[in-house]
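Scrolling down, you'll hit the structures one after another.
Each of the two complexes below includes subunit A, the first together with subunit B, the second together with subunit C.
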Partner chain A sequence: MSPHVPSMLVRLAERGATGALIRDTGALYLADGAVVHAESPAAPGIDVLLTADGRLPSEQWREAMDAAGPHCRIARYLLDHGRLSGAELEIRHLSALYDAAYFVLAPDGGPSRFRHGAVHWFGRVRPVGVADVERESRRRRRYLTDLWPHAHLDAVPPVRRRHAARLPPVPRRQQDVLDLADGRHTPALIAAKLGRPAFHTLVDIRRLAASGHLETRTSPPPGPGHAEAAGPGAVAAGAPRGAAVRRLPFPFPDTAEDVDVVVLRRLRDALEAHL
Partner chain B sequence: MSGIDECLLEAMRLPGARGAALVEWVSGLALGVVGEAPGGDHEVMAAEAAEFARGAAEMPVFTGPGGPAAEQEPADAKALPVEDVIVVARTGYHLLRFLEAPYEGGVFLHLWLDRGQANLALSLMRMRDLAERLVLE
Partner chain C sequence: MANTETALKDAMTSIEGVIGVALVDYTSGMALGTIGGGKDLDLNVAAAGNTDVVRAKVRTMEMLGLKDEIEDILITLGTQYHLIRLLSGRGKSGLFLYLALDKNRANLAMARHQLRSIEADLEV
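The block that comes next holds the complex of A and B.
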């Protein structure tokens, strides 16, 4: 976390501020100094999380949006109309809040600014202390590192390992993620497709990489010269499992455990361009 | 029942109850806690219980002869393979009750009881009832 974000949040909390802390990685909404919502492009929104598994039919969600969205009281509407129990709404909302907050408070999330008075359209459910949100985000970062200390896996599209078929099967939740690991879907996209919190997908990806089902040293997003090989059209629908892997050969020896793959690859591209 | 805290406070009314928590097991997030935690740290308790719950919910040896839910009848796909986990420790009981909502995050209730005062059968029944009402009422 960049050093000024926690202190800024603490000041805002002490002042009982209401508004949105906005960064490149998303926004944290405060009401009277407590966190009431968070959203991030890296994490599925509360709408996706509520409707994806069929818990809330999309029509009911749209109806709530139309009726209560303009008044920023969707949570209240869902409760009053018996769409969800109070506890279930709290569970799902807290899950979404901490999920997005993890990305908003990322160490490399860029500068922060505060928009006073901004209110999120979902409405207040169960406000959380700023300190709790920061502590949980730090715990989550440690948790991922303890699982498998390769942070670049959080951003690049996961790629299956070629010989993983011989490994023991994985639990259903992880298998769902593995099925979408085709070298094109980013972790954020996988989370959105599965309708699961994005952090949960990061956990599954780290576990799958640690158990050898996914490549740990995955290629960076294709740069100039690689676009054709790794482009979306390159992987035909129904292609054999190994196809995507073969198209993204990793050019470095296995011993290079801690190298910054992106930097090395750019360096190689630059050198080749001069040959 | 109106929210997480009310549910946890109701669990705490059971004889011998020392602490209760609602935990998301994939992330280890404590969604709510009341009472004491073994070792005094609710966050650590939630993270450790979550790891344990994950093992019970995902390991094929516990999830039954039909294998993981995905291999069973479609109607059954969302059903929980494991409903409760009971740990009988030297001085206490730990009851974990998974929530039945078709909820991808995976959530369980955790109740810590004093072994000398608690009634295990009664506690188990009340936890089932609480977990059911939590998502219905």
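The block that comes next holds the complex of A and C.
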């Protein structure tokens, strides 16, 4: 995490500040020194998370936006009109808040500035302490590293691995992600399509890469929404015409392509059994 | 219409022998709310760790081809019960309630029954 963000956040919290901490990766909204909302281009917004699975029909969402959006009281409107229970609203809102905050507080999120007095249109649900948000973001970063230490997978469109058909089937939720891994959808797009928090999608992608269903060796996209072929197993679809293939520095020689994933999995299981 | 905090407080006060309760998102391992616990039982650590328990069981059921849902998972220690109840209501799949109970004071059948009603409190 950037050394500047935590200290700036702590100062803002101590002063009981109200406003928005804005970075390249998104914004964190504070009210009286506590975090009340977060949003990031990398994470589906609260509107997507509330409407995606049909839980809240989109016409009800629009109605709430029209009626309460200008007053920044959408949360209150949804509660008062019985659209969601207090518990469900809280659960979904916290889920969106921590999801976006993870990206806002990314170590490479760029410089931060604070816009005093900015208020988010969704309205206050359950404020969370700055320290809690930071701690959870750090825990999430560690969690991903522990699953499969290849952070570049968070940004590039995932690509299926060639011999994955021989592997055991994956859980349903991971299969949804795998179905969208076509070398064109970025993790953020997959999350938005599935209406799930982006971090959950990153977890699934790391797990799928660790189990050999997805390529680990993929190169970074040249621009938003594009993928490039990396190893011999990568899919070339979506690569812009004429673009040179860039490779990530990778610690293993090319023979990594031939490593038997099943053997690796058995080795890992055996090692874990001795922990 | 309870919010998460009152639902967890209800669990803490209405269930005999409760040491701690957490509402956990099992993909991220994050506790959306905790109550009780203490220095002997860090509920945030328990929340993250128990996601592995849930995932292992879900996976085993899928491997066995069992077309069924997990209602709860009971872990019996020497002095405690740990009860994991998967929430199934609208929009709450992917969450579970985690309950640690003092084995000497708890009535397991009652605790499971009350946990069901707390799940209902979290519904619309």
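Quick note on the criterion: the second predicted complex is superposed on the first by the 221 of 275 C-alpha atoms of A that agree within 3 Å, B and C clash if a C-alpha of one lies under 4 Å from a C-alpha of the other, contacts with A are read in each partner's own complex, and residues count from 1 in each chain.
Here, a residue touches a chain if its C-beta (ideal position, glycine included) is under 8 Å from a C-beta of that chain, and two chains touch if they have at least 3 such contacts.
Just so you know, these numbers come straight off a predicted model, no measurement behind them.
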Item to complete: Quick one: on subunit A, after the overlay, do subunit B and subunit C clash, or do they fit? Just give me the call.
Response: clash
Discussion item. Applying the document's definition of touch, where does A:Q175 land relative to subunit B and subunit C: first, second, both, or neither?
Written reply: first
Discussion item. On the A-aligned overlay, A:R55 touches which partner chain: subunit B = first, subunit C = second, or both, or neither?
Written reply: both
Worksheet item: Does the superposition put A:R140 against subunit B (first), subunit C (second), both, or neither?
Response: both
Item to complete: State whether A:F199 touches subunit B only (first), subunit C only (second), both chains, or neither.
Response: both
Practice prompt. Go through the superposed model and pick first if A:R92 touches only subunit B, second if only subunit C, both, or neither.
Written response: both
Discussion item. Going by the contact rule set out at the top, does A:R126 touch subunit B (first), subunit C (second), both, or neither?
Written reply: both
Item to complete: For A:R217, decide between first (touching subunit B), second (touching subunit C), both and neither.
Response: neither
Worksheet item: Which subunit A residues contact subunit B in one complex and subunit C in the other?
Response: 53, 55, 85-88, 90-92, 94-95, 98, 126, 136, 139-140, 143, 171-173, 197, 199-200, 203
Discussion item. Taking the touch rule as given, give the residues of subunit A at its contact with subunit C in the complex, in rising order.
Written reply: 53, 55, 82, 84-88, 90-92, 94-95, 98, 126, 136, 139-140, 143, 168-169, 171-173, 197, 199-200, 203-204
Discussion item. Could you list, by residue number, the parts of subunit C that touch subunit A in their complex?
Written reply: 1-5, 7, 23, 25, 27-30, 32, 48, 55, 58-59, 62-63, 90-92, 94-95, 121-124
Response to the item:
Given the complex, residues on subunit B that touch subunit A span 1-4, 6-7, 22, 24, 26-29, 31-32, 43, 47, 58-59, 68-70, 99, 101-107, 134-137
Worksheet entry | Complex contacts: residues of subunit A adjacent to subunit B | 49, 52-55, 85-88, 90-92, 94-95, 98-99, 126, 135-136, 139-140, 143, 171-173, 175, 194-197, 199-200, 203
